[in-house]
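Here chain A shows up in two complexes: once beside chain B, once beside chain C.
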Partner chain A sequence: MQRVSSKRGSSAFWYTVPALAMTVAFFVVPLVYLIVVSLYKWNGLGAMKFVGLGNYTYIFNNANFHKALRVTLTWLASALFLHIPLGMVLSLMLNRRPKGWRFLRVMYFIPNVISTTAVSFMWYFIYHSDMGMLNGLLRAVGLGHLTRSWLGNTSTALFCNQVPFILYVGLTTIIFLTQLSTVSPELYEAAEIDGADGLRKDLYISIPMLKPAILTNVMLNGAFCLRTFEYPFLMTSGGPSNSTTNLALYIYREMMSANRYGVSMAAGLVTILLGVLLMTIVTLLQKERKVKL
Partner chain B sequence: MKKLLSLMLALSMLLGCLSFAAAEGNDVIEINIYHHMSTDTARGQATEKLLEMFNEAYAGQYKAVSSVNPDFPTYQEKVKAMIAANETPDIFCYNFNPNDLSRQESGKLMDFTPYMDEAWKACFKESDLELLTLDGHLYSIPRAQQSAVFYYNTELLAAAGYDHFPTTWDEFYACCEALKANNVSAISLYTADDAWYATCFLTYAFASYAGSTVANSGVIDCEEMVKAAADLQKVWQYTTNDAVGANYSVASNNFANGKTAMIIDGPWLMGSLPEDIAGKVAVAAAPNFEGGAIQDNYQVTDAQSPWAAAAQADPAKAEAIVALLKYLTSEEAVKIYTLEGSEYQSARMTLTDEDKAGMTPLQLGYYELYATGTENVVNVQRNLSTAANSALPSLVESLVLGEISAADFAAQLDAENAY
Partner chain C sequence: MKPKLTASCVMMYIFLYLMLIVMIVPFLWLILSSFRPNMELFSEPFSLPRHLSLANYSAVLASHPMFLYLFNTVFVTGVAAVIDVTVAVCAGYGCMHVFKGKGFVVFLLSLGLFIPTNAFLVPYYIMVNKVGLYDNLWGIALTYAGINLPITVMVVRGYMDTLPTELMESAHIDGATSRQTLIHIVLPISVPGIVTACVFVVIQCWNELLFANILNQSDGSRTLQVAIRSFLTTFEANYAYAFAAMVLAILPTIIVYSLLTNQIISGMTAGAVKG
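Let's turn to the complex of A and B:
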């Protein structure tokens, strides 16, 4: 019996080898390379000069890096406090099966299958100061004094960058709906017998049962926010005055425009560590939930 | 029957292989030329015409094939990435920057020194060749270094009460104010990509405060630069609403569509102006201070933008590259570039009266202004380090949005340039 189990273990190991080899070749090796390059001053063409932790000292003392970190954390906050709650509210509404709910579900999901590039350009033109729909609408309803260059203003550009992400909650909603479909109808029936209305059923049954989906959404949307590039790159090029430059764009700029490969890799490693931290928190929360169950 | 069929099949395969070998043996050397001049511009059309002429002249021997990336900042980055990946294009062009010799020092560029015979050398100014020579090696061939001058819409200025372009800075700002009163944005500027128009204005202001010697010296954190940055802040109130965040095409289209009355650009702009507006456009020398630090008709120039080529192990391929570059820098080609492509080349040429008669009034105006220029100042961004160039657009944005002072702008740009 033991021999059979050992044989099975051995064959299972061999099944994992291709995936393991891919991970080593396309993640572990580049990661090691990234760490090594982050210790050098290099413009991508000439000789590499070892600077130790000099690139890390540079970024931690660099105002633009601080700004990029703040912008990235703002993206994370927009996911946690706006995008995910909006998706949750929408899924709770759709879960009540209102008239046309199937059509609405498809409509909400459509933006998720359109390329982010196309969406970015669409919103770029919505915000355009002269021919944009937003300013046109404001003028039409007599609020012309509120018109502005939405993407050219440091106080509005970042939020304007985030609006498409915040609004397009199709995938997040689907994940919540999938979780809601696993909730036993008997729980709702019992609550109805006890006199619970729709809001109470959501508060005391649906939302507590959504915790695994919340964690999944935090993980997926958190990862998206750490690596999002198209919105700031295409809508504002990271401007004005770096107010929309996040870590992904900072890394790109340092490598492709400033040709400081070492600085770029150091910032890349910090981004990876942020991702690892986020995943660790989510994993710990999932474990905690399982222990409680 | 089967045997016969097999024999025929084998024979046809053999013939096919032989004809392939014969084709291979044609020895036509293909030269890939990667540039940024797309065929929807006059200079792109001129380039294509010249390559076709070259292919005809060297039919059966060489064949030039071009690939184009019209987004110049991206093009420059792509070329660097290609050099790093050992995929250097056979021929390409770039903006020479004495603070960024990474391409030349990569060891992957062709050294033209052995090919620079007296006849070819005589095509160029000695100073251009000296500029591009590094440790005795000539890694690039002078291509173009053009002046960015003030273009203005004569109708819009006339409507604002100006029958001539302002000659002093005080008159310039008064003109901007008059245009603003007519609901016209005075000047096209932008901050995205390389913020070229904004830095042209900054350099003009800097040169008029500091003079050409200081302005070309690479000094940034100085009183004159602070004054110039303050002027850039000032002129921003006369540009379009979309200037912050806009790129070259948005800003140049604003001028081409008559939304703005002035623009500072090189001769390539002429080739992209629609006919209806080109007739209303004239060029003028920049405003100056009376008794200022620089002579009237001083000009801000772009960097020297030379040709370069990939180092070749095959001498025949190297010869082919040299043949194409000699062709593109010949007087005939330079005239085609100037007259048809609105692109002024570094190689020498003499325009005859007949040549001039074929020029449009705008082309002639530019040529005369260019030919009578007194002092040249290279756009400040062209002498910055790559890192400082990368930081420049966001610094310009911070400056014009009032987030940093003119003094902070100069100090921060200097700090980026030093890293």
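Let's turn to the complex of A and C:
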């Protein structure tokens, strides 16, 4: 397609300058700063001491960093295998236009407009061992022996951290639904004539059409999992015994509590590399799709 | 497609409404609990409340400047959204044209999408301190604008790319300057993309905790989220107060959402359509 060129070409560039300036200020400069200062030992106030890759050798030999990396990868897995599939199932169901689907769509989205801070806080009380809803519910249905201190237990704390994220699929569902709304009704009608039932229509028409939305959701939720900070910070403070400390909280702790700015930034760079890796994979998959079309 | 009442259909309804209950009931429990005295919460957390009162709310409002926190949050969110949308609209308009080095510009503008910004904890902290905006609402607002710029540009530019260029060409032939074309032709038809981007930025900024927390020290620049976080420790013994404080903090978003439901949902829809 022919885009407008002419003499405006040069002036068009100037329209992008504010955005470029902000990108340089908020991404390029911090990135360079991060890379350079991660080579120093620094407590944030005193003199910086050059240690080369010392901070990186430190984190790669640090058991807590390994744990944090594993926790972050578990978060990514919860997005891929639980959150996104749940959103997909709900969108396929809503796409059959059951009674009240508009109402459900609106209600499912409510948790997405409420701050993660408030949600974490609320779930902290849901898991509360004495007055919490979860234990109360278990007692009420006669499963009192299952009650426990959900957030105080290394075997349950991490999953309990992730439950609100996994459940609140409003945005993910809407992205899927939007993609589904682009499927032409004739496809479904043709399938119906061929005798396909609801499940077959989902499997052979809807799900293949959802690929772009899946990639969008992997991108959005993956980015969320890499940066999520509120859930572990507020619900468990990273504990018990660091079982819920993810990379975001590790970076925060190294800076704010341990005053090891260099180590914090080295961990930051690892997080960025994970982000770049994730986004590159998604982008490549998107490109591949475009070529095929 | 009228679903018949088959077994699988019944299962579907059960699942859909079960999810609704799991998602919404905790919020209702929170709201109900915020009207109950603390003693009752502990002795019988689930029984129907016997005493409902606004006592928790008046205690919270008396001891904390909640309206100041609310104003602070509105301020940082508003400033960030206005900056991001303005800058993104200009960038999107520029990118509708062909110019030298456009490929590199587009690359640079999408760079931020690849970066989880929480990794920039130290750099942003140092930068904000260096320019003298630590513990200042502008420091938080500008940081938010920076963090959310890539997604705003992506959404706005993505939308503008789908606009027909003939519009601009005919405006050009009619003698409109590029600024006039932007303001009178491109801007009005880009509203759906702009709304989507706005919704994204506002939700992100309104709910952000990490940077608001490290860039703040005093009440003057404390946002609602930082305030809620401090309630957990401040009201350690009195959960009922904490509940009331949380309801006060989430109320504005719920009200705005219920007023603008259709715009928000269709806004998200318009932005997400291209993938």
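Brief remarks follow.
Simple rule for what comes next: the second predicted complex is superposed on the first by the 287 of 293 C-alpha atoms of A that agree within 3 Å, B and C clash if a C-alpha of one lies under 4 Å from a C-alpha of the other, contacts with A are read in each partner's own complex, and residues count from 1 in each chain.
Throughout what follows, a residue touches a chain if its C-beta (ideal position, glycine included) is under 8 Å from a C-beta of that chain, and two chains touch if they have at least 3 such contacts.
Worth saying up front: this structure is predicted, and the values here are computed from it rather than measured.
Considered on the superposed chain A, chain B and chain C are sterically compatible, since they fit side by side. When the two complexes are overlaid on their common chain A, residue A:Met93 makes contact with chain C while staying clear of chain B. Using the contact criterion defined above for the overlaid structures, shared-chain residue A:Tyr250 touches neither chain B nor chain C, since it reaches no partner.
Contacts of A:Asp130 after superposition: both chain B and chain C are touched.
In the superposition on chain A, A:Thr23 makes contact with chain C only, not with chain B.
When the two complexes are overlaid on their common chain A, residue A:Tyr231 makes contact with neither chain B nor chain C. Comparing chain B with chain C, more residues of chain A are touched by C. Touch criterion met: A:Leu171 reaches chain C, while chain B stays clear of it.
Once the two complexes are laid over each other on the shared chain, residue contacts for A:Asn43 go to chain B alone; chain C is not touched. With both structures placed on the common chain, the touch criterion links A:Ile110 to chain C but leaves chain B unconnected.
The least CA distance from chain B to chain C in the superposed model is 5 Å.
For the contact definition in use here, the residues of chain A common to its chain B contact set and its chain C contact set are 44, 130, 256.
Chain B meets chain A in the complex at residues 73, 77, 80-81, 83-84, 100, 102-103, 105-106, 108, 191-193, 241-245, 247, 386-387, 389-391, 393-394, 397-398, 401, 403, 419.
Looking at the complex, you find that chain C touches chain A at residues 1, 3, 8-9, 12-13, 15-17, 19-20, 22-24, 26-27, 29-30, 41-42, 45-46, 86-88, 90-91, 93-102, 105, 108-109, 111-127, 143, 145-147, 149-150, 153, 165, 168-169, 172, 178, 182, 203, 206-207, 209-210, 214, 224-225, 228-229, 231-232, 239, 242-243, 246, 249-250, 253-254, 256-257, 261, 264-265, 268-269, 272-273, 275. Chain A meets chain B in the complex at residues 43-46, 58, 64, 128-130, 149, 151-154, 236-242, 245, 253-254, 256-260. Those residues of chain A whose C-beta lies close enough to touch chain C in the complex are 1-6, 8-16, 18-20, 22-31, 33-34, 37, 44, 89-90, 93-94, 96-99, 104-118, 121-126, 130-133, 136, 140, 167-168, 171, 174-175, 177-179, 181-182, 188, 198-199, 212-213, 215-216, 223, 226-227, 229-230, 233-234, 248, 251-252, 255-256, 261, 264-265, 267-269, 271-272, 274-276, 279-280, 286.
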